[in-house]
Amino acid sequence: MSERAGRNGGGAVLELHDLSVRIPVSGGRWVEAVGGVTLTVGSAEIVGLVGESGCGKSTLGGAIMGLLPGGSRVAGEVLLRGQDLRGLAEEDYRRIRGDDIALVSQDPSASLDPTFPVGAQVAEAIRNHRDVSRRAARERAVELLRVVGIPDPGARYADPPHRFSGGMKQRVVIAAALANDPAVLIADEPTTALDVTIQAQILHLLRDLTVRSGTGVLLITHDLGVVAQVCDRVAVMYAGQVVEQGTVREVFAHPSHPYTRALLESQPAAHHRSGDLPVIPGRVPDLSEPPAGCRFAARCPRAHDRCAAPPPEIRTAGGGRVSCWLHHDTAREAR
Amino acid sequence: MTTTMTVTSGVRRARSAVGALPRSARAGAAILVVLAAVAVLAPLIAPHDPNAIDSARILAAPDLGHPFGSDALGRDVFSRTVFAFRTSLSIVFAAVAVASLVALPLGTLAGYFGGWVDQIISRPLDMLLVLPALLLAISLIAIVGPGSLVAALAIALIYLPILARVQRASALVVSQSGFVEGGRARGWSPLAVIRRHVVPNALGPLLVQAAILAGFAVQIEAALSFLGLGTQPPTPSLGLMLSDGRDVLTQAPWVEIFPGLAIAVVVLAFNLLGDGLRRHLDPQGVVS
Amino acid sequence: MTGLLDVRGVVVTFPAPGAGPRRRRVHALSGVDLSMRRGQTHGLVGESGSGKSTLARCVLGLQRPDEGSVVFDGTEIVGLRGKALREVRRRIQPVFQDPLGSLDPRWTVGRSVRESLDAFGVGSALDRERRVKELLDLVGLSPDHADRHPSQLSGGQRQRVGIAAALASGPDLIVADEPVSALDVSVQAQILNLVSRLRRDLGVAVLFVSHDLGVVEHVSQEVSVMYLGRIVETGSREELFAEPVHPYTRALLDAIPVPEPDARLVHVPLPGDIPSPIDPPRGCRFHPRCSLRVDACSRERPPLRPVTAAHHVACPVALQARSQAGTAPVEH
C-alpha cells in the first residue's frame, strides 16, 4: 500500500474509491462522465490528473468539491481524511469548502469579485470559516499576500483585481485558497490561461506552499509537461476512467498503457526529431453509450479480441497501476 | 442552378427554424397570423358597415346580431373592432418595418466600422433616444398634423434609435469573429463581407427587439389616437374606440371592454413571439 | 530560394483602452524586421504583449502600420488598395486560432472553403465544386463534409476546414496565428503534421505564430522570438534551440514544460511580470527582468547583431560574454 500513503509520509488526505458520476443530458439520456475512479492523494503530495478535453477530469474535480450540475448522480466513495463526503448536506459541504478543501480554477478573473479589494477577498475567505476579528483577518491576509509573492502587500491590499496582471491575480486566488490551511487543494488547470514564464512561477509557488503546509494537491491539467514539472504522481484519464497511474518518473519513463504512450509521443516538445508526429486515430467514444470493454480499444494500435471485455487493473513493476489486457499477460508470465 | 439550390435550402432551413422555435413563439406567431387574416379580410368578416350609424341601437347591449354590442352612435362594435385591427396593425407594421429597415444599415455600419463612422451615425441617434417618446411623437404631429401615416412615422422615429443600437451592438460582436476578418483576407471588400457575414449573423437580436417593440407600438398607437393625435374619426382604430368607450363606461362597458381586450391580445401575441425568438436566437441576451 | 516577405521597421500603436485627458497608446510593435524565404516555415514566438499577432495582421494587410514597410514578393503592401490589394490577398491567406469562430456558423463547410474562389471568380461553378472536394481531400476530410455545418465537426476537423479555405486560392504564404493552441494534444499533432506537409508537398511558406516554443520547434526552419513589440532573437531552428543567446530566449526554453521524467521545475526560470505595452521599459525592453543587465541596457535599444550568419540577437551583453567564453554558452 505504498502509494496510498503520501510520499512525504503524511498519509492519505483524499481517497476516491470506485467513484462514478453520471450527468443527465437532453432526451432523458445519461453520460457517464466518470466511470469507477480509484485514486488517493497524500499529505504534501501533488497528484497530476491528466487527460484531454472531455475525459472527465474536471467533472471529477467537481464531484470532490460537491459542485456538479443539478441531477448528477455520484456513486462510490469520496473520503476526506477518512470522512465520506458523499451524501453530505449542502450546508455541511459549504462548511468544508474553502476550509478543508479549496479550489483554484483556470480563470483567476472569474474567481475574484471585480468590485472588491483583493485583500478583503482573502480576509473574507478566512472569516467565512474562522471566528477571528476583522483586524486579525486583515493581518493574516496581508501576510498571505506576501507569502504568494505580491510585492508591497500592505499597500496593494485595497486594490481591485483589475489592477493586477493575470499571474498576480492567480497568486491572490492561491492566497485565498490556502488561507485556512486546507487538507486538499483541487487545482483545475491553474496555469492554462497564463504565459509560460508566469506559469513556471505559479507552479513553483504552488508546490512550495503546499509541500510546506502539508496540503495534498490534485492538479487537473491537459499538459503532461506541467505534470512532469511539479507532480509526484500522475493519473492518466481517458473517457472517464483512469487508465494508468504511478509516480511521474515511472509513468513518463516507462508508460504502460498504449494511450499514455501515444499521448506522450504526440507532444511536439518531447519529440525532438523533425518529421511527422505520431497521432492517435479516431475519436473518443460517446459516453452516453460507453463501450463495454476497454474504452480505448477502438483507437488502440495493440487492440485484441479480449479488449471487448473490461480490462483488469494490473500492478506494474514500478508500483503503479495500469488497466490493460497487455499487462495481464506480462504479469502472468512473470509469475 | 446554384440560386435555386440556395433558395430551397433557405426555405428548408426557415421551415426547420420555425419547428425548432419555443412553444411561446409559435403561439404568438399563430395568434398574429389569425389577427393579420382578420385585418386583411375585415370587409368579409365584419357583419355591418363599421361607420353605419343606427339611432335605434344607441348603446345597445350585445346580442346575436351584434356580439360586441353598439356604441354611442349605434355603430356595431364588433365590426368596428375588426376594422380597427386593420388600421392599428397596418400602422404598427409600417412603423416597425420602417424603423427596422433604416436601423439595419445604420447600426450595421456603425458596429462594423466603429470610429468616426460610428460617431456620425450614433450621436444623432443618441439625441433622439434622450427625448421622451411621446413628446417626440407629439412634436412631430404638431408640425405635420395628425393622421394614421404620421402616427406610424412618429412611432418609427421613436423606435429607430433603439433598433439601431441593438443592431450596432450585435454587428460589433459579429465583426470581431474570425470569419469576418477571414472574409476580408479571402479577398472580399468590406461591404461584401458585411452583406455575406455580418448582416446574416447579426440579424437575430434586431428581429427579437422589433417583435417586442411591435407589441408596445400597438399601445403607443392607441395612446396617440386616444389623445386625438393619431387616426382621425370616423376611421376605427383601437385607441379611438377606447377614447369613445371611456365616456360611456358605466352605461355600456362593452364599448370599452372589447377594444381593450383586442389591444391586450395583440400586445400579448407580439410579446410571446419576441420572447420566444429571443430565447431561440439570442440565448446570451444581447437584447436587454 | 529568394525572398518572399520582407518586413522593415514596422511600428504599430493603438489607443489604450479607457478614456482620459491624455489617451495613452499601446506600443504593439516598435520597429520590427522580418524576412522570409519562399517555401519556408518561420516560427514567431512570444508571450502576451509581444506583438506577434499584430505582426501577423500587418502581413495579412488587416492592420496598417504607423511606420515601416511590408514587401511581399517585390510589392509594397502597406497602403495598397482595391484590385492590387485583392491580388496580394489571393497570395497571402490566414489560418486563425479559434477554428469555430473563424468559420461562419451559418455556412456549410463547402461554402467556407469556396469563399476565396468565389471572391476571385476562379473557374466555373462546377470547377469550384470540384476544387472544394480536392481541397477537403488534401486536408484529410471526406467530400461529404462539404455539406456539413461547423457545429457538426470536431475541433480538429474545423481547423482542417480552416486550412482548406486558406489553400483554396493557391497562396504562396499562409499566416497561421496560434492554429493549434485551442486543440487537444493528440489533435494538435495531426494539424502540425498537416502544416508540415503543406510546406513539403505544396511549397507554401508559412508564418507560424505561437506562444508555444515546443510547437514552433517542431514545424519551423527559422524562428524569431518576440518580447514586448520587438524581435530579440532570430535564427535557424537548429542554432536557436541548440545555442540560444538572448537571456529571454533561454528563460523561455527553460520554462517550457517538457513531458519527460527528469523535467522537474527546480528554480523559477524568469522572475517578475511582463511589463505593460502601454508603458514599456526604456532601452532594452527586457532589462527589468534580466539577470545580465548592465547600466547601458536601460538607456539604449540593443540592435540585432549577428551571432553567426544565420543567427541574430539583440543583446550585446550576452553576445560579448559569448565571444569571451569562446563558443560556450553563457550561464546565468
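Note that the chains take the letters A, B and C in the order they are written out, and that residue 1 is the start of every chain.
One rule holds for everything that comes next: contacts are C-beta pairs under 8 Å (C-beta built on N, C-alpha and C of every residue); 3 or more make two chains touch, one makes a residue touch a chain.
Values in this document were obtained by computation on a predicted structure and should not be read as measured data.
If you draw each protein chain as a dot and join the dots that touch, you get a simple line with two loose ends. Greatest Cα centroid separation from chain B: this falls to A.
Highest inter-chain contact count (C-beta pairs) belongs to A-C. Put simply, the C-alpha centre of chain B and that of chain C have 50 angstrom between them.
Chain A and chain B have Cα centroids lying 54 Å from one another.
Rounded to a whole number, the gap between the C-alpha centres of chain A and chain C is 32 angstrom. Not a single residue in chain B touches at least two other chains. Within the complex formed with chain C, the residues of chain B that make contact are 1-2, 177-179, 181-188, 192, 197, 200-201. Interface of chain C with chain A (complex): residues 47-48, 154, 184-186, 188-190, 192-193, 196, 211-215, 217-219, 251-252, 254-261, 263-265, 267-271, 273-274. Interface residues of chain C, counted against chain B in their complex, comprise 60-62, 86, 89-90, 92-94, 96-98, 101-107, 112, 115-116, 119-120, 125, 165, 169. Those residues of chain A that touch chain C in the shared complex are 52-53, 165-168, 195-201, 203-204, 207, 222-230, 248-250, 252-253, 262-264, 266-272, 274-280, 283.
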